[in-house]
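Chains here go by letter, A, B and C, matching the order in which they are written, and residues are numbered from 1 within each.
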Amino acid sequence: MYNSLTRIQNVFGFFTTVAFVVSAIIAASDFTAPRTPSASIKPTNVQVVKGRPHYYSSKKEEYAIIKFSLDADMSSLFTWNTKQLFVYVTAEWPSTPSGDGTNQTNKAVIWDSIITSPSSDHLANLGPATLKKLRKSAAGKSIDPSRGKLSLKNQRPKYQITHPSGKVANTEDVTLHVHYNVQPWVGMLTWNQDVDFALWKRMARGISNAFALPTVSAKKK
Amino acid sequence: MASQERITVHNLAGKLPNLKHTSDDAIPNYLNSLKFTQDHSLIDTRLALGYGAFAIAAACFLWDYKLGFESTKWFTAAAVALYSLVNGALTLWIAYVEKGTVYQGKAADGTKLTLGPPPQISVSTSTKKNEPTYYVVVDVAPKGGPSTKLEFARSFTEWFDVQGHFVALPFQTMLATTVPLIAKADPKRAAAIPPPAAAAAAAAEFLNVDTHTLDALAAAETTGAESTAAGSVGKKSKRRKA
Amino acid sequence: MLSGLQNPRQAAAQLLNFALILSTAFMMWKGLSIVADSPSPIVVVLSGSMEPAFQRGDLLFLWNRNLLAETDVGEVVVYNVKGKDIPIVHRIVRKFGLGEHAKLLTKGDNNAADDTELYARGQDYLERKDIIGSVVGYIPFVGYVTIMLSEHPWLKTVMLGIMGLLVVLQRE
């Protein structure tokens, strides 16, 4: 009965319980850290081009290139349980009148960024030089809230907007939205909220004024 | 040697359930030989509930495997609910009805006899963990009459020898001399010398100090050699005395 | 223990204990499955395409109900491609339209290109029904055991062997 096998089982069982309880406490600790993110975004240059948006595109279609300026303060999202912050900018617009739907929506990510915590820098998919720089920037720090401060001027989008219909020119009422997704070391994944929840405030601003996409320009420069 | 002695100290806790189970198993064997009719309804209900629950899970596994999740999810939801119900019923049955009952049966005259552990003592209770005592509650219910409860506690050393072997005679004598209903069914054992003396007679080399005996018992089991076991006992007692 | 084998009821009761451990584990999994409305409410990450968020072997908890809001851009979802068996964990980056037939495009955070190449031939977008759940919870490393076992089948044999050996050696 009380042989080595039982003991190994007991030790393992105890270890599992302790690990689980500690993880649960760490995950719950997220709720004790206030979140007060804010962001402001505006489009700086909008172009619509007809061509192949990707090298593997099979057909020519209209696509929009939206340059934007972004100022964001997400520093409060970095806690000891933050593994990475995923910040992304979407362009959203209601369906074109020519489309079938009523109250249809379209959303597309035009830019995103992975901001690692110093504790997960080693996991980031970066070149050795960039990684070294990144590590140096947070030397001695396990949490670096300053990484949550973003300031982008006339940033080129990472992804061009297309639409299944192939038409995006002259689209009205386009807005840019800033979103975030907090990836924890253990626990719940969280996104930006529409309403305040306890210590977590909804993101201040983070939506641009509505603008229209222009007509197709002659040629992509 | 040193390592063996260390094991034996912990082994007392480990061996106790074995002592209890062996003694428990001996009760039906003995009573059924005395023309008691054993009533299996407690364990039969447990088996029915348990295997019923298992059948539900097995059926659920089969249809999920054959037909996929989406098309069977309402059946699966029902199966999960039913399984928790049956499993809950089983848990309640074991905890509140069976209560560790060791034997349930009827004597030739129809008197109902139930043997089990007292409600406050289960094998796992920590306060009783290191005490080699067999606690039994006997419930005797004559046909149509009020039931009487009899509670006794005896040391396992009375019917286990130094090597840890179960000895039937002192055990049966102990039961027959303690429970009048069993005495009536087995006058021969009841007339025998009272258990402590019987135990002493049955195992002359038996030490009357419980812990020493059990250490030796455990040591004997670990080594499997009598001479070594005896040596260890000697050594141990000397050390204890010093 | 052996005495139990002489008594069929005792033997059946001992076997039952073992059977109930298995069936209870299975029914708990199914219960979670029902609550989350997903055929596979817990998945193990198999690829590095969502690094550094998820590494191979991390455990993800999925939720497949749209109680408050539709599955939206930015959510990390697990989807199955028609005709392929391996579920993929990626983030939704585009959504056109609303409801059941909204067109969804996914991409791994760590990948340069979106998933159009991964979809079935002729399929440009996913629909809601292709998704088996959105990631809501995360536990690192725990699932690595299953990856080890499936990639190194000899480990199973070794583990079974050690277990068998222990049982034989510890038998009293």
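To be clear about the criterion, a contact is a pair of C-beta atoms (placed from the backbone, for glycine too) under 8 Å apart; a residue touches a chain by one contact, two chains touch by 3 or more.
Keep in mind that this is a model prediction, so the values were computed, not measured.
Undergrad: Would you identify the chain whose C-alpha centroid lies closest to the centroid of all protein C-alpha atoms displayed?
TA: Answer by centroid distance: C.
Undergrad: Which two chains does the highest number of contacting C-beta pairs join?
TA: That would be the chain pair A-C.
Undergrad: So how far apart, in whole Å, are subunit A and subunit B when each is placed at the average of its C-alpha atoms?
TA: So the centre of subunit A lies 62 Å away from the centre of subunit B.
Undergrad: Please compute the C-alpha centroid of subunit B, do the same for subunit C, then give the distance between them in whole Å.
TA: 43
Undergrad: From the mean C-alpha coordinate of subunit A to that of subunit C, what's the distance rounded to whole Å?
TA: A distance of 25 Å separates the two centres.
Undergrad: Which subunit B residues sit where two or more other chains touch them?
TA: none
Undergrad: Multi-chain contacts in subunit A: which residues touch at least two other chains?
TA: 3
Undergrad: Name the residues of subunit C that each touch 2 or more other chains.
TA: Nothing qualifies.
Undergrad: Considering only the defined contacts, which subunit C positions touch subunit B in the complex?
TA: Residues 3, 7, 9-10, 12-13, 16, 19-20, 22-24, 26-27, 30-31, 33-34, 37-39, 172.
Undergrad: Touching subunit C in the complex: which residues of subunit B?
TA: 21-22, 25, 40, 43-44, 46-47, 50-51, 53-54, 56-58, 60-61, 64, 68-70, 73, 76-77, 79-80, 83-84, 87, 221
Undergrad: Where on subunit A does subunit C make contact in their complex?
TA: Checking each residue of subunit A against subunit C gives 3-5, 23, 54, 56, 83-84, 86, 88, 90, 95, 101, 103-109, 112, 114, 116, 120, 123-125, 159, 163-164, 179, 181, 183-189, 191.
Undergrad: Mind pulling up the subunit C residues that touch subunit A in the complex?
TA: 51-53, 55, 72-76, 91, 93-98, 103, 107, 109-110, 113-114, 116-117, 124-125, 135-140, 166-167, 170
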